[in-house]
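Paired with chain B in one complex and with chain C in the other, chain A is shared by the two complexes that follow.
Up next is the complex of A and B:
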């Protein structure tokens, strides 16, 4: 008997095959966002205190694009999206607590 | 329970020779490879522990110098944590029994499984190489606190690389189990029909997968700091030593649950079998495993109350720590409720499970003392902490490991150990354990600091008692190991279901065949612990 044939859940979730245009479009978006990051930091886009926040925002959009399209999170079962959110929440909590410790020491 | 089916060749008989073991893809053989490797390192680290207790028999120098003592307690901790307790239950019993309990023939990624064992061996060689190369083993304690770990001349770099490699082994095992649980459950087995051991491994695997990378990067940062002097943690070059502690404990506190959750899973298997009764509150136990894993991420700061961390952060961490007690208490209540009005059969595995509850209660309640901000300031870095974590790790996870060994032994080897000797070994272990570690709680409350090879004369009596307890404890370990080896070699043949269990591993022969089942296993009606006709166990 072969256990590999006994998948009990989410088998249909793996049926999705992304098109080349979707992959290419994601790639182009990532390149554009990278160029935007470089422009903001190198070529003097005068955002003052918003520079870091803008860079973080762009990086977050890029990470989401990779997770949703390249890693197929958009087409997979919702449980994996839920796990992704949980992991991000843990990371955010870690940052908040370390920063809280640092600024109130 | 007797059967008339023709036995297939067991997984022991399918192939012979050393290479058939060290390159096997069979999850059962990999589990046994882990058992022998982990067992060996446990005995080495236990030997180091005995050496420490002998040194502490009297104040002043008895056997070893202060510097050697520092290195001995570091190596004891590194081996016990990274080579024994963290991998122990998942790598041995998870590997062997998870696919069988799910009714499948292997884990999802067998080659990755073998690779994780080889990584474990490589990490172990790195850890042990510190004994013979360079300036000897690290003397920092297993926590490798900066900035001392950045400055000491001992073999910190090799030790942290060992922990880094072992972390990868742990991540791969966790990943394998998560995919196995999601994809390979037998038809008809939903998440809420899984055995509680599988639930415990599932919760553990998420911790292994999500938390271990943090310690990996943190340990590499230590190496980078030592080699390049970057200034991450060393305040003399602009670093922040408290940042190291944050990064270390964000992994290492959840790692406590990598040790405890599988142990709780074992107890959840043993108790209904020997009470011959449906487990009380299946979902509460299953979901509390996930709750412990989740809440365990938010409490790391309780290891740092005296580090110089800010007051507001410490208050938040102290409050969060108390939340962990809730799902843990849910489990203990349900185990005891399962025993209530059960047909209790006092066998050795059940004794270990009951000892787990007793020891873990002491470990857990002393943990609340340490989680309370004001009390922790008094007992931090004293023997109270040493007593507390040994009650959790050895009295809890260690005793559960021994209980699992006695519970699943007839399934793994198809033979039975001598039960009278096993009872004797249990008594020695339980008495020896409590005699060794309970005095440490008192010593800590009286103010004896940890990690010194010397102490003040007023602590002498309790240290004698503790060392005496360690002799009983090690006698128990020796008796247990000899009894299990003798049982494996020439014990009586065991039937396929000597304890009258109803989870799926008891439906296959002992030892199991290569592909675990010769026919599709039948799920028990009404869930994995529904004992409608509980009687006639053949012991």
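Up next is the complex of A and C:
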């Protein structure tokens, strides 16, 4: 069966079926990013703050890969992505408020 | 008037709504994200205030055990995602095998975690132990957060594993099928969330260098 084929017999569920190879590809990317972040932190730069930023950037790329492909957000109804953005915005708002609180003490 | 006291739901007997159950799962996952999000904020502030102590304390962790556990979790995320694909394509047997592999990975993760925590106990690095209580505040804060956050995460690993085991049973009973795979999908979503949180826990606790 083609991975992109529409599942018309079940309208209550979503139509898209992710292929095995797509999941495997996502996994390969995640493993490579993991090895990269370990390598950078263990053998990498002397600039501590820069390594923290790099580690967080890599973690975010990994999280996006998991959310979009494993959690199927890329192919699902847009409402889930919209919710996710709202929740992340809420978190960033908390983050900014906490930072503002600490730097203005 | 005679049968006005009988209230029948419009969809009685067909209380299956894949979309609604998925939305419910996502809403629950958002509360989980904010639960851990709060903890990450606490971590951020204490790390900012105790940068050197956090660095020093992080050397107690074994980067390689953390890396192996990360790979184990990422692999289990792939197997549960593939299990959903298998069930959607009608291959229940493969879906069950892949789900078992996910549970196996969950157990592997917990075994490694057990060895990691045991070695901390052996070094007296647990709140209440003499060595721990003698540490500077910054290092103690690091370990408080380490034990609480990885402990709460490990609890989620256990719950996720049990959830998947229940779904395997239901697939065998024919209650979760090619047409009704919501429960497998939701257990998968929960499992990916566990993975998602670990993706941040790993660099924040193991990779401070």
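Operating definition for what follows: the second predicted complex is superposed on the first by the 87 of 105 C-alpha atoms of A that agree within 3 Å, B and C clash if a C-alpha of one lies under 4 Å from a C-alpha of the other, contacts with A are read in each partner's own complex, and residues count from 1 in each chain.
One rule holds in what follows: contacts are C-beta pairs under 8 Å (C-beta built on N, C-alpha and C of every residue); 3 or more make two chains touch, one makes a residue touch a chain.
Bear in mind the structure is a predicted one, so any value in this text is a computation, not a measurement.
**Q** For A:27, using the defined touch cut-off, is the partner it touches chain B, chain C, both, or neither? Pick first, second, both or neither.
**A** A:27 contacts chain C only, not chain B.
**Q** Where does A:75 make contact in the superposed view: on chain B (first), on chain C (second), on both, or on neither?
**A** A:75 sits against neither chain B nor chain C.
**Q** Touch test for A:58: chain B only (first), chain C only (second), both, or neither?
**A** second
**Q** When the two structures are overlaid on chain A, which partner does A:18 contact: first (chain B), second (chain C), both, or neither?
**A** second
**Q** In the superposed arrangement, does A:38 touch chain B (first), chain C (second), both or neither?
**A** Once the two structures are laid over each other on A, A:38 reaches chain C alone.
**Q** Let me test your reading of the model: by the given contact rule, A:104 touches which partner, first (chain B), second (chain C), both or neither?
**A** So A:104 only meets chain B here.
**Q** Between chain C and chain B, which one touches more residues of chain A when both complexes sit on the common chain A?
**A** C
**Q** Is A:66 in contact with chain B, with chain C, with both, or with neither (first, second, both, neither)?
**A** So A:66 only meets chain C here.
**Q** A:93 in the overlay: touching chain B, chain C, both, or neither? Say first, second, both or neither.
**A** After superposition on chain A, A:93 lies in contact with chain B alone.
**Q** Intersection of chain A residues contacting chain B with those contacting chain C?
**A** 1, 7, 9-10, 87, 90, 94, 98, 102
**Q** Can you tell me which positions in chain B touch chain A when the two form their complex?
**A** Interface residues on the chain B side: 99, 103-106, 108, 182-187, 189-190, 210, 240, 242-243, 246, 250, 294, 297-298, 301, 308-313, 316-317, 515, 517, 520.
**Q** State the interface residues of chain A toward chain C in the complex, per the touch definition above.
**A** Listed in rising order, the residues of chain A that touch chain C are 1, 7, 9-10, 12-14, 17-20, 23-24, 26-27, 30-31, 34-35, 37-38, 41-42, 44, 48, 51-52, 55-56, 58-59, 62-63, 66-67, 69-71, 77, 79-80, 83-84, 87, 90-91, 94-95, 98, 102.
**Q** Note which residues of chain C are touching chain A in the complex, please.
**A** Where chain C meets chain A, its residues are 16-19, 23, 26-27, 30, 33-34, 37-38, 41, 44-45, 48, 51, 55, 63, 67, 70-71, 74-75, 77-78, 81-82, 84-85, 88-89, 179, 181-182, 188-189, 192, 195-196, 199-200, 202-204, 207-209.
**Q** In their shared complex, at which residues does chain A touch chain B?
**A** Going by the criterion above, the answer is residues 1-4, 6-10, 86-87, 90, 93-94, 97-98, 100-105.
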